[in-house]
Structures are given as structure tokens and as C-alpha cells.
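Take a look at this one; I'll ask things after.
Naming follows writing order (A, B and C), and every chain is counted from residue 1.
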Amino acid sequence: MTELYHWFDLIGIAVFAITGTLVAHEKKMDGFGVVVLATVTAIGGGTVRDVILDVPVFWLHDQSYFYAILAAVLITTRLINKQKSIPHYTLQIADAFGLAFFAVMGTQKALLAGMPHMTAIIMGVITGCFGGMIRDVLAREIPMLLKGELYAITCIAGGIVYTLGIYFGLATELAMVLAMLTTLSLRIAAIKWQITVHVFNYPD
Amino acid sequence: MTELYHWFDLIGIAVFAITGTLVAHEKKMDGFGVVVLATVTAIGGGTVRDVILDVPVFWLHDQSYFYAILAAVLITTRLINKQKSIPHYTLQIADAFGLAFFAVMGTQKALLAGMPHMTAIIMGVITGCFGGMIRDVLAREIPMLLKGELYAITCIAGGIVYTLGIYFGLATELAMVLAMLTTLSLRIAAIKWQITVHVFNYPD
Amino acid sequence: MTELYHWFDLIGIAVFAITGTLVAHEKKMDGFGVVVLATVTAIGGGTVRDVILDVPVFWLHDQSYFYAILAAVLITTRLINKQKSIPHYTLQIADAFGLAFFAVMGTQKALLAGMPHMTAIIMGVITGCFGGMIRDVLAREIPMLLKGELYAITCIAGGIVYTLGIYFGLATELAMVLAMLTTLSLRIAAIKWQITVHVFNYPD
């Protein structure tokens, strides 16, 4: 189980590192700063979560995360340099996968730390969304999160599915997979059909 | 007393959530991201304060803050949608109220945690100013804080008044109200008459 | 030794406060916000480091840092106001000095806290780079860190030199000075000859 948890974490980390590299390329960045951007994107959300929960930050004693990030950056830059242009779509899909992994891992970690349900779900949002938010701020983009398309709410949905799953006695692995699929499918649907929730009535 | 503290906190939270919603509207944002922006604005300063003080983050075990934020966002969006255009002035005044509440609550919390006076006053600045600073960064605005008009210094003034009040044996409630009025009146005066402190001699 | 550590820390703090003031001037900021920007730049990296390491934040019980910041801001604004225009070069060189001091101090603090070597070196990067990164984000600049010129990697080099020095039994003071010179000379060389590492093959 802990093994599985760790692998899921590594996949989420690698996927977000890929999105950081893609944004760096879109923004014409270069140099070792690309690795920094990928790293901040990959570990940003989980770091903020752990600091707020006041538990040991997950990467302090585990260097595998950095190897995953380095590998992800290396492979992504190779692919980009071969293929020249990468559709923006790729970035959004990779981001959706990262979101799905991290929203659930964040909710889970907060529940294990004894947090109430609502706080656990918010921790899922922080873990899932904050790395990408920091990435977009550093790249001087308006964070995807704030653009109107279903985004944070897909993390909340995943968090609720996981919390309910555990509450009703589902196996942890099953609850995790169901919750990840919830976030992932909602987010991909939102990208594909540009589903937005309207809060304001802007004149067209 | 603890009751009063909590109510003051909730008011500050709600007021900052309103400013987040107003900025989201000005910036043509939409969707659930508006709630995220309002939330980050409302709890950002206090979260940074608690993390730096290494005390439990105030909202981890208290969900009332999120209900206050949701209510504030709901009412504000309703009003905006009815009235269509909201003067920028409204945002600044709401921000001033949030500043006044949070500067004092932040100073108080740091003093209760046994911090020296200067640190407590800086914690007031962090609590008061950082939520709005994060809000402005996410909305890609230059933070109000950095625009030259009296801003952070009104938090410092409130923090000093509170610290002196406690030092000279004033009742906590009285010191709080006096300090809040100090920050609020200074900030509103600065908005009204555009009072700035000049640090640089820019050529006109 | 602790004395020396503290003095090195104060110099790093003052130097970063100077860069904050220079950026504020370049960006036509004014008012007390300049002091806030200088402060955030100066203590930002170390604060993030201490929060992630979960050790007491270095400035909570030591007010000398704020006096150093105030002195640096005062002197820098004086000089700017006398001389009117300051070449951008000055900012980069001051930033390089801050980087050199903080990369080493950050690595050292993490090693003393019992962190593994890789984590300690990353803490050096965080301490050295994050204050300037926050400064640039607040000023709506693309962080120097992400511009392709050798930057974060000079902190890594300094951190490695320090870690190796300690590992091979060098006196702490000697390891510190060697490591600082490594970061400083690499960074200044990068500024002077615009040395960049290429990660992407952008068409010219």
C-alpha cells in the first residue's frame, strides 16, 4: 500500500514536471531555470500542503522525487527538441493527469493526519492546484485555475468521491482509483467541451 | 473574549473574500476559480502568519471560515450581477476594512504566542497585507501594497497602537477597537486624499 | 563561529534588501511599499527554507535583521536619489553577492538540521533564489532565475563545494568562503559573458 502510494506520488510528480517543462518552452525560457520551474510545479502543491498540515515535507528525506523530475525534464526536452512544436492541448491533458493524482493523494494524506472531511478536501485542492498555480504565476500567465473552465471543482469532486469511498468502507485502492477517474474525466471533459460554471453575468 | 476574537476574524475573512470576488469580476474571471481567489485572499495572510509562527493554521479545524467565505462570495456576485458595474472605490474601501481587522488580529495572535513587539507588529503586516498581495499577484496586478499610497504603514500604525495599548494595561477589547480605527482611518484617508510617502525623487 | 554565521547572514540580508530597493526604483514604485519589497526579498528565501525544514524562522526572535534592512534601504534610496540613474548591472551584481551568501548559509543550515546532502543543496537554492524570485514576481518581472543565464546552477555549485568541503573535513569557515567564491565567480562570469545553458533548441 505504502509502495503504491509512493508510485502514485512519483507519477503525479513526473507529470507536473512535464507541464512545467512545456510551459517553460512555450514561454521561451531556457537553461537550468527550466529544471527549477519543473521542480517548483511538481513539488509546490504538496509542499504547501505539508507545511500547512505541519507534517514533515514529503521530499526532505526522499530523493527519488528529484530523480523523477530530472528524468521527466530530460525526456520532455528531448521530445520537444525533436518535434519542434507541441500543441497547447498536450499541456492541458498532462496537467489534468497531475491534478487527478494529486487531488486524491492530498485528500488522503490530510485524512490520515486526522483532519476533518472539509479540510481534507481543501488539502486535495491545494495539492492538486497550487503547483500549477505557482508555475503559471512564475511564467506570468493567468493561472488555469482562474480561467472559468471547470478546474478546482474537479479536485473537489475527486476529494469528495475519495472521502465518501473511505467513509462507506471501500478499499483504499478502489477509492483512490475511483476518485482519480472522477477528477480526470471531469477535467478532460471540461477541456474538450470547454465546460464553464458561470458566476458572473458578463455582457457578451 | 475568544468569542469576540472569532467574530472579528470571521468579519475580516468575509471582507477579504468580498475583495477577492470584486477583483475576479474586474479581471473578467469566472467559474469556481472566483471562489478559489476569494478563499486565497481571505485566508492567505493568516495562513502565512500561522505557518511562520509555527502554530496550528487557524482554519484546519474550524469550517466556519469557509461558510463565511462562501456566503460573502454568493452575496457579492449577486449584487454585482444586479448592479452590473461596481466602482473601483468599493474594492479599496472593503480592502481597508479587511486590513484593519487583520492587522490587529495578527499582532494579537503573535503577542499571545510570546513574540517580541517588533515581530508581532510585522505579523500584523503579514496578516493584513499578504492575502491581498497574493490576490493581486494572481490577478496580475501590481499589489496595492507597492503603489506608494499609505498601505503597509497603516498596519504598522494599528499594530503599534495595539501593542502600546496592551503594554499600558488597556482592556484587550478597547486596544483592539482603537487599533482597528487607527488602521482604518489612516487607510481611508490615504485613499481619499491619495496620501503617499515619497521614498524616491522621481522626475515629474 | 556563530558570530561569523550571523554576520554573514546580515550581509546577505542587507545585499538582498538593496536589490529589492533597486527593483522598486526601476519599477517606479514608491512609499513604504519599497521597504516591504526590500524586506520580502531579503528574508523571503530564508523564511521558506526554515518553514520547509520546520525549524524556528530565523528572524522571529532577532530584530537585527530588520535594522540591517532599514539601513540598506535608507542608504540605497539616498544614493539613488543623488545619482538619479543606476545601471541595471548594479542590480545583477548585488543579486550575485546575495546569492553567494545565501546559497552557502542555506546549505549549511540544512546540513546542521540533519538533512541529506541533496536536500541541503536544494535548501541552498531555495535560500539563495527564492527571495529574488518573490521580488521579481511582485514587480511583475520574469524571475532572473528563469531567463536562461546560469543562475540556480551557481547556487548548486556553491552548495556542492560546501558539502564536499565539510565531507572532506575542511574547516567550516574555509568551506564557506570557498563555496561563496564558487557561486559568486560563476554568477558574475555568467552576467559578464552571458553564459547560458541550453535546454531547448529554439530556432534563431
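Note that a residue touches a chain if its C-beta (ideal position, glycine included) is under 8 Å from a C-beta of that chain, and two chains touch if they have at least 3 such contacts.
Because the structure is predicted, anything quoted here is derived from the model rather than measured.
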Checklist entry - In terms of residue numbering, is the interface formed by chain A and chain C classified as same (over half shared) or different (under half shared)? => result different
Checklist entry - Roughly how big is the turn, in degrees to the nearest 5, that lines up chain A with chain B by CA atoms? => result 120
Item to check | Gap in Å, rounded to a whole number, between the CA centres of chain C and chain A | outcome: 29
Checklist entry - Counting only residues that touch at least 2 other chains, which ones in chain A make the list? => result 51, 54, 137, 140
Checklist entry - Quick one: in the complex, what on chain B touches chain C? => result 51-54, 115-116, 118-119, 122, 125, 129, 133, 137, 140, 142-143, 145-153, 156, 196-202
Checklist entry - Where on chain C does chain B make contact in their complex? => result 24-25, 27-37, 47, 51, 54, 56-57, 59-61, 63, 66, 73, 77, 80-81, 137-140
